[in-house]
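Order of writing sets the chain letters: A, B, C and D. Residues in each chain are counted from 1.
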Amino acid sequence: MSYLSVESLGVSYGAIKAARGVSLSIKEGETVALIGSNGAGKSSTLNAIAGLIGHTGKVGFDGIDMSSFPVHKRAAKGLALVPEGRGILGRLTVDENLRMGAYLRVDRKSIAVDLLRIYELFPRLRERRGQTGGTLSGGEQQMLAIGRALMASPKLLLLDEPSMGLAPLMVEKIFEVIREISSSGVTIFLVEQNARLALESSNRAYVMESGELTMEGDSQELLRSSKVRESYLGELNS
Amino acid sequence: MSIISKGIEKIRSNKRILFIGYVLLGIALVSLPFLLSNTVGRTWVRILDFALIYAMLALGLNIVVGFAGLLDLGYIAFYAVGAYAWALLASPQFGLHLPFWAILPIGAGVAAIFGILLGAPTLRLRGDYLAIVTLGFGEIIRIFLNNLDHPVNVTNGPIGINKIDPIVIAGADLTRTHEILGIQFSGAHIYYYVLVLLLMITVLICVRLENSRLGRAWIAVREDELAAQAMGINTRNVKLLAFALGATFGGVAGGLFASLQGFVSPESFVLLESIMVLCMVVLGGMGHIFGVLLGALLLTTLPEILRSTASPIQESLFGAVYIDPEALRMLLFGLALILVMLVRPTGLWPGTTRKQLGNKG
Amino acid sequence: MQKNFLLIFMVGLFTLVGCGDGGSGTDDSGKIIKIGHVAPLTGPISHLGKDNERGAQLAIDEANAAGITIGGEKVEFRLLSEDDEANPQKGTVVAQKLVDSGVAGVIGHLNSGTTIPASKIYHDAGLAQISPSATAIMYTHQGYKTAFRVMANDEQQGKVLGDYAVKTIGAKKIAVIDDRSAYGKGLADEFEKAAKSAGGEIVTREFTDTTKTDFTAILTKIKGLNPDVIFYGGMDAQAGPMMKQVKNLGITATYLSGDGIQSKQFLVLAGEEGEGAYASSPGLPLEKMDGGKSFQEKFLQTYHEDIQIYAPFTYDATSILIDAMVRADSTNPESYLPLLSQTDYQGVTGQIRFDENGDLRGGSISLYRVKNGAWEYIETVGGE
Amino acid sequence: MDIFFQQVINGLVLGSVYALVALGYTMVYGILGLINFAHGEVVMVGAMVALATVAYLFGYFPEMNPIVMVLIAATTSVISCMVLSYFIERLAYRPLRKAPRLAPLITAIGISILLQNLAMIIWGRQYKTVPKIFSFETREFLGANITDLQIFIIVLSAILMTLLLLIVNYSKLGRAMRATSESQRIAGLLGVNINKIISFTFVIGAGLGAVAGILVAANYSVAHYSMGFMLGLKAFTAAVLGGIGNLGGAVLGGLLLGLIESIGAGYIGDITGGFLGSHYQDVFAFLVLIIVLVFRPTGIMGERISERA
């Protein structure tokens, strides 16, 4: 039984078709990666699933057809997207950003517990809890973005390019956290240009090329596939 | 509208049809006042005069708002400056009676200087901050005009300046009725031709400007000021030029208004007038010269049309006049503004190429 | 080329107008004589405009009820009322519209600012124009034989008020406020002149405008100068709240103003604080005039609202216009204009005669004071 | 010196009202980037509805306790304005959210004209006066006169403004409003129903506007269908002066504008050696605005963050 099921999803900007005929499915508890080159339509697909942009086709989640849902209703059903560029609310403090993550939750006690958990996960954020989001460094903002998404206690976490623009050390740290989240049982759908990293930290993966899915499979297998190695891992066939 | 635009494209490509079109247009423009005064009354010639003056104003504001993207809510100030320049230089106020060909450039020049005066300190401001400052500027000018009767009497204050000279050509006062070739031409009628001529020149200048280096620079500034700067455009000068040129048109229109009316007082230059001119620009199709013309003609004639139709419509619909026709007239006017924007958010006749521009990011 | 489209559009619109105009049918009860009326019917002073229109309408109704015959034909008068929005430009448009509609004469406009530019159009058309309330001196001093007014101008009224402030109230120090309208400034200027020449001292001249309701700043300043009289050149809508603020600030000076505040509206707006305020009004009090009382009652009966200020003046203006037509036995301005200028008519506002400019000759000015929440007549100055 | 203090009090009363109205402008601007020109008319409707209600109650239940009467009238007025504002946003602004920036400005002007003339049809052309149901004491305070009503205006405005600032800064709803004003996209992702927040913003602004309308009508004891436009404009100027989009700025701008107008009118003659008088009061206010903006292009408390739209 698939948790997230996408059927023939299409996204277009005016005459330009960013994604077409995208069909994919994710099972509960899985971490699935979507890799592809720059401009392949990965982010568009992810944004469409989250409801940020209009799309054709069907998006089903947890047995409900969400295709006609606006973005906030999808969030209410348990989707949380960490958007490309992190989407930090620069005028709100770190603490407020995290609390905004829990906007749809009503149980104050469990929110407080989760907040403590996030601060344990990212001690840097605790240090800067009173600072506005705009004053954080890129890595800190990424932590905040992920932390904020977790505050929603999502059923499905959508991550858009979490490694972008970060120093290698920070990238490692972020992916460590992602693996930790995954192991705690949250379903994750990850879009990443750094294909190696993505495949190494996922169970399954899809490959996207100019708006269409071209490959699908077990991440380990894809890591070994010559086509993937050639096109996305920068290794030349010897 | 796209069908019409396509039709226009087709006609444009055919030189003969184009020529015939121009001739027909010319005949239509010349005969329009005759047509109007014989069917719906001479008032309509006067209304048309004011419509043409407002068209000129709207085209001027279009340079500032439509081309350069600077939201100006005090545009009527330049109209006021032009009108008062004419009034002071050609009336018994100071006993000066300069001929129109001397005042018109003076009025335009003074208005342009005021345009720069407004532009210079506000260049750093963007968007709605600029809007409120220009609004304040417009009010400041009006307040000064209203109060410069003391301690030295310059403008006569709220009482206004009367007996302003009309345009005089070859000894003929253009606001009086003249008989030419046995046909009676009223003052409003003769002014109509003067205004049509000047409006055509204005349109021509606008078209030229739009397609010039400067016009492209304005559009660059409007779309993305930083990028424009990066491209090597001197955004400061370009913006100042937009203010100055827009103001010039306003100044000329103001002078014509003063001479047609024969009387100016600060009541004619209230904030609501600025807002109305802005409505003409936006409603017609911001940045598109012919759209702006359409907007100006519509918004000046619509209240007058409603003036004569508000009660008959009521009577025919409900059998009696229930709502005060004056209130109904303005009611319908407000409603028209809302509905037009809801149905056509880019204006009635937006430019075909730039339809998408000016959108929110 | 694209203009052709515009043209089609415009012609379409005008056709619509044509249809609209066709709607006004003609009755067969007599020859229709149209009389124009102009005042602002929308905007901040539209209440005065409507009041004017009603006064004129009452005069028309009475004339029709009397069954007047002109040129051997039974005639029916009809009022064509237009809105000039207190905007000079609109003023000339509606003036032209009235001329086009073939009116036999015009009552209006209300404001000096619209009356003056419109007067040129009426003059060019040779039509009589009688303004009930435009008091700017300039209006009748343009050399137009077609311009009349049935109200004392600023000079006449300002002089009476200035004298009254110094000689009767006994003011030594006077503060003057005006609302920066043509009316308010004109009256305040003339008052200032007269008060000075009568020996009063003007301690300050302050200003407000017709959109304001807060006057505390200028009143506070005036309070510091401790004048005996505060003169206000302006209208009731401002004077009412101003009066309240005068009292709230603890100012004890006598409040004095012109016809613009001599209204029921002022009494209502100023409330208890209006007690003791003086105001003038051209002409004689309605109660003292023949037909004045009945006019007042008829007005209330017909419109279920009190007279604001100028309705009696439009009533008189309309009556003398009709009277001149009857005397000339013609509705042609060429015939009745000379007779109009020789008017000697007992109106509800007083005896109406014109001087060579079209100004009211020897216009009398009456003074009133608020007592127990009503305007109490004090005396009439001037007149013959 | 007592005159100066009186001018300060005058300015504070005027400024409190400006600030209340300015908050409505600034909230809507902060969230939509729209100059809601119709806000002034909403203030007018607030005053008119309250007045009509009081007149009705006074006519039919003359025995009613005046405080109850005023409370009923104020509630009616606030609710009517909220409903009105909700529908204005729904019908005239929401369909234009993706339209060019100036399109909603024109519909706002249309709404403004519409409301004024509707009010004229409903309530007539007369200036309406507030029936005297309370009598207010005038107090002497440090040599200045101040009525109980004026004290009430200052205090009530201060309470409402504090309440609003508390809500916006410390409640979940307030966080959502701030999030929406910063980025509708991100707020939506976090589960915020943008439309609801925008409606809420309009409704709150309208409520404050209605209160301001009632206070203006009560203080000057006059209301008219044309009263909203200038008041709205002044308030908008105040909002810009303080830094539009910033609530604290609106309050500061409003108070400052009130003080500038009142002190300006009182002293402009002395400052300019009698050359300029109180008729330049508004010139003075606008000059201060221009000077402030020249040195701080985003207003006194405005943030130096890239301009929206």
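Here is the rule we use: a residue touches a chain if its C-beta (ideal position, glycine included) is under 8 Å from a C-beta of that chain, and two chains touch if they have at least 3 such contacts.
As the structure is a prediction and not an experimental result, all values here were calculated from the model.
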item: Least hop count linking subunit A to subunit B through chains in contact; value: 2
item: Chain of greatest Cα-centre distance to subunit D; value: A
item: Chain centre separation (subunit A, subunit C; CA means) in Å; value: 74
item: Centroid distance [mean C-alpha coordinates] between subunit C and subunit B, Å; value: 33
item: Cα-centroid distance, subunit A relative to subunit D, in whole angstrom; value: 44
item: Per-residue overlap in subunit C, given as positions that touch at least 2 other chains; value: 42, 46, 180, 207
item: Numbers and ranges of subunit A residues touching at least 2 other chains; value: none
item: Sites on subunit D at which at least two other chains make contact; value: 117, 120, 277, 279, 282
item: In contact (per the touch rule at the top): chain pairs; value: A-D, B-C, B-D, C-D
item: Residues of subunit A touching subunit D in the complex; value: 50-52, 70-72, 75-76, 80-81, 83, 87, 89-92, 96, 99-101, 103-104, 148, 152
item: Touch list for subunit B against partner subunit C, complex; value: 4, 8, 11-12, 18, 21-22, 24-25, 28, 32, 36, 39-44, 46-47, 50, 146-147, 149, 157-160, 162-163, 176-177, 187-188, 257, 261-265, 267-268, 290, 293-294, 297, 301, 304-305, 307-309, 312-313, 315-316, 324, 326-327, 329-330
item: Complex interface listing, subunit D residues touching subunit A; value: 172, 175-176, 178-179, 182-183, 185-194, 303, 305
item: Residue ranges of subunit C in contact with subunit D within the complex; value: 42-44, 46-47, 49-50, 180, 204-209, 211-214, 216-218, 220-221, 223-224, 236-237, 240-241, 244-245, 248-250, 265, 268-269, 271-272, 305
item: In the complex with subunit B, residue positions of subunit D that touch it; value: 29, 33, 35, 92, 95-96, 98-107, 109-114, 116-118, 120-121, 233, 236-237, 240, 244, 275, 277, 279-280, 282-283, 286-287, 289-290, 293-294, 297-299, 307-309
